Amino acid sequence: MTVTLGVPSAIILAYSFLSRGAYGGVEQPWTLEDFARLFDPLYGSIFLRSFGIAGAATILCIALGFPLALFIARSPRKNLYLSLVILPFWTSFLIRTYAWMFLLRDTGLINTTLAGLHVIREPLPLLYNDGAVLLGLVYGFLPFAVLPLYATLERMDKSLLEASADLGARPWETLARVTIPLCAPGIRAAAILVFVPCLGTYLTSDLLGGSKTILIGNLVQNQFTASRDWPFGAAASVALMIAAIGLLFAVRRRGEELL
Amino acid sequence: MLELRSVSKEFAAHRAVANVSLRVERGEFFSLLGPSGCGKTTTLRMVAGFESPTSGEVWLNGSRIDHLAPYERNVNTVFQSYALFPHLTVRGNVEFGLKRKRVNGIDKRVAKVLEQVRLSGKESRLPSELSGGERQRVALARSLVLEPDVLLLDEPLSALDPLLRKQVRAELKDLQRRVGVAFLFVTHDQEEALAMSDRIAVMNGGLVEQVGTPQEIYQRPRTRFVASFLGAMNWVDGIGVRPECTRIARAGRRATVKRCVFLGPVVHVEARLENGETMTAQVAAGDARFSEGDGVYLAWDAADELRFE
Amino acid sequence: MNKGTKSQGSGIRILSLYAVLIYAFLHVPLVILAVFSFNKSRFTVWEGFSLRWYRFDRELIEAAGNSLIIAICATLFATVIGTMAAYGLWKRPSGLLAGSMYLSLVTPEIVTGVSLLAFFQWAFRFLHLRLGMHTVILAHVAFSVAYVAVVVLARLRAFDPALEEAAMDLGANEFGAFLRVTLPFLAPAVAAAAMLAFTVSIDDYVITSLVAGIDSQTLPMVIYAMARRGVSPVLNAVSTVIVVALGTIVLISERLRSA
């Protein structure tokens, strides 16, 4: 029986690994030239910016998500509030990104409202910059952060909080010295779940960043379509994966379950 | 009719069962008794078919069964958690095995066994709607309806609260007598084993230390382990004496009272002997008028002494 | 716990207020999109209620049809494979399989898409096929399997293995035990996972656009093309329809999951 189950599992396994092995490309000669190209300062800055934006998005998602997770964990109607978080998350990332285009553009809702209220005379350039991308990322990935944080908070032994209060700690102190440290595994999980996809984001930077913001994701996509430089795109993609896997290992602790 | 011949089970890290040989006779209530980790559950699972022996054989009614899958053996198990199928009613659970065998007259057999465990009328309930005791009876019914040669029970009373346990214990024993099926019963509770069994095998560290009737095991234990496991023991000068055989008398070994522990019907008087060892004498509650520091004499009959190498 | 001190009470109030703000942040943009989809004018100034933007043209409907077909096929395969993988993983834990599932979940879409594209092109040298709906379906199955497996695995964790042993003890073989005892237990999770796989497939842009080939257009591809050209009220209308449809599916799925 275990054999019949192992076989389909092995197929998926092979599939997922096979599809990640793109090194050569259109021509055969195996070379590391393309990897060397990555170190060119032009591309280096792209990588740096991607890391920067992804990092900022991660920090924001965790910082904003933690109080919300706390709220849900404490509330008597957990499932309701949880559903309210999950709902936007699963309904079309593309559309949610578009929603911010609608709001932020020069003739978008925010600008027209502010102009209508005579707060501004000229439309604010809210769209097509790094800030918009950051906003889009946080908006998109906030639920990714809330869920693991909530899971950890919910599983926490409440009697530890009671013990802390019993020993004289005020609510804020209990929060800072007991709750947050105990939530570390959840924070780590949230960080990975947000950072890695943000690092490779394509849609958000494409739609909200315009041509000014090129991140790794856009670079890779570009190579595989317009530029037709598959080997280089593959190299960039592999570099991205190495960064992601490296992070996963760096943050992992022994005995912690990932799924 | 169930026979284990030199059965051993080794896992990667340790040897769970070492060279165990046992016989369970038809209609017998046989218990495997021992502390957790002694191998009793592993032995049971080898009879059920969920583990294969590393060496040795399991025979049932003259045929070898250790290579057969669980569903090929005429042996059924009552699991510790009862393992009732949550999506099926009581009836659904009880008739499950019969349906696999595709026999006729399922309804009649189900009704009969439910009557035996006194659950008639609850056929359409779901396990979640039953009490702990009722769930256990469903588990019993589910297995008994298949008329196994041996019924295996893995600590079935440990999930019940203490008040219920004694009552269920008696019911289980009666049921076994009425139905006449051999029970192989695993427990770590010596009182339970003593009260219910026809014979007991005491296990420790994968080995069987002694097999015998409850009286034999309790009164004539063959090893120190069996003696201490079956009940409290006093050890003095390498000899063992049970507290209920130790009395406070006018002559005997001198001792100083350390403390008296009131247990309800009796009092345990703990006293230190001159050589430093401590003994406990069991005294009827009415006769206990000792306080710490009193000097007493402890005595016992030579016949009650237990000696081991 | 005693809510005695004033600081505790106000702490909870602040938390609730914060929660309201965050929920607003998450949901309001979509609501605004929906509101303006009923706007008579195409500008961001409200001019009256109208359904004119809801008359979708052929191209849109055809693309939606394609997306539906792809999603249904992909969901079918992904659910079956994912469930079997989860079951196999539960019976015989394998670090490799679990790791690759996790990797699949966390990998940026760009990388998955590009890898699959490269894989297909490599395979096509031997198979004489081209990119089309079939490659899209395969790609969708590849990345959805992990989602299904995670949901089913979570439910399996709550399953008492003794139940399968009991079934075998009573005469069912391994397959019978799975079919009659385990599967009924898993049913809600499998259904929920299928719905999740469906929504993920319907919404995918990045991977689909890379492996779709010239003649198959999916709904997200059309939406993306429109969004690139700028904001349009037709897009608002399409978005609203999708969000409502997917949202309903997700709600049902969550209900099933917590059942």
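Chains: A, B and C, in written order; residue numbering restarts at 1 for each.
The working rule: a contact is a pair of C-beta atoms (placed from the backbone, for glycine too) under 8 Å apart; a residue touches a chain by one contact, two chains touch by 3 or more.
Keep in mind that what you see is a predicted model, and the values were worked out from it rather than measured.
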- Average the C-alpha coordinates of each chain, average all protein C-alpha coordinates together, and give the chain whose average is closest to the overall one. C
- Query: Considering B-C alongside A-C, which chain pair is linked by more C-beta pairs in contact?
  - Reply: A-C
- Item | Most remote chain, CA-based centroid, reference being subunit A | B
- Task: Return the distance between the CA-based centres of subunit A and subunit B, expressed in whole Å.
- Result: 56
- Query: At what distance in angstrom does the C-alpha mean of subunit C lie from that of subunit A?
  - Reply: 16
- Which integer distance in Å separates the CA centroid of subunit B from that of subunit C? 52
- Note: subunit C residues in touch with at least two other chains are none
- Task: Using the touch definition up top, name the residues of subunit C that touch subunit B in the complex.
- Result: 160, 162-163, 165-173, 176, 180-181, 184-185
- Query: What does subunit A use to touch subunit C in their complex?
  - Reply: 1-2, 5-6, 8-9, 11-13, 15-22, 25, 64, 67-68, 70-72, 74, 79, 81-88, 90-103, 105, 107-109, 112, 139, 142-143, 161-162, 165, 170-172, 192-193, 196-197, 199-203, 206-207, 216-217, 220-221, 224-225, 230, 233-234, 237, 240-241, 244-245, 248, 258-259
- Within their complex, subunit B touches subunit C through residues 48-50, 69-71, 75-77, 79-81, 83-87, 96-97, 100-101, 142-143, 146
- Item | Interface residues, subunit C side, partner subunit A - complex | 1, 5, 7-8, 11-12, 15-16, 18-19, 22-23, 25-27, 29-30, 32-33, 36, 43-45, 81, 84-85, 87-89, 91-92, 94, 96-98, 100-104, 106-112, 114-119, 142, 145, 150, 153-154, 174-175, 178, 196, 199-200, 202-203, 205-206, 210, 220, 223-224, 227-228, 230-231, 235-236, 239, 242-243, 246-247, 250-251, 254, 258
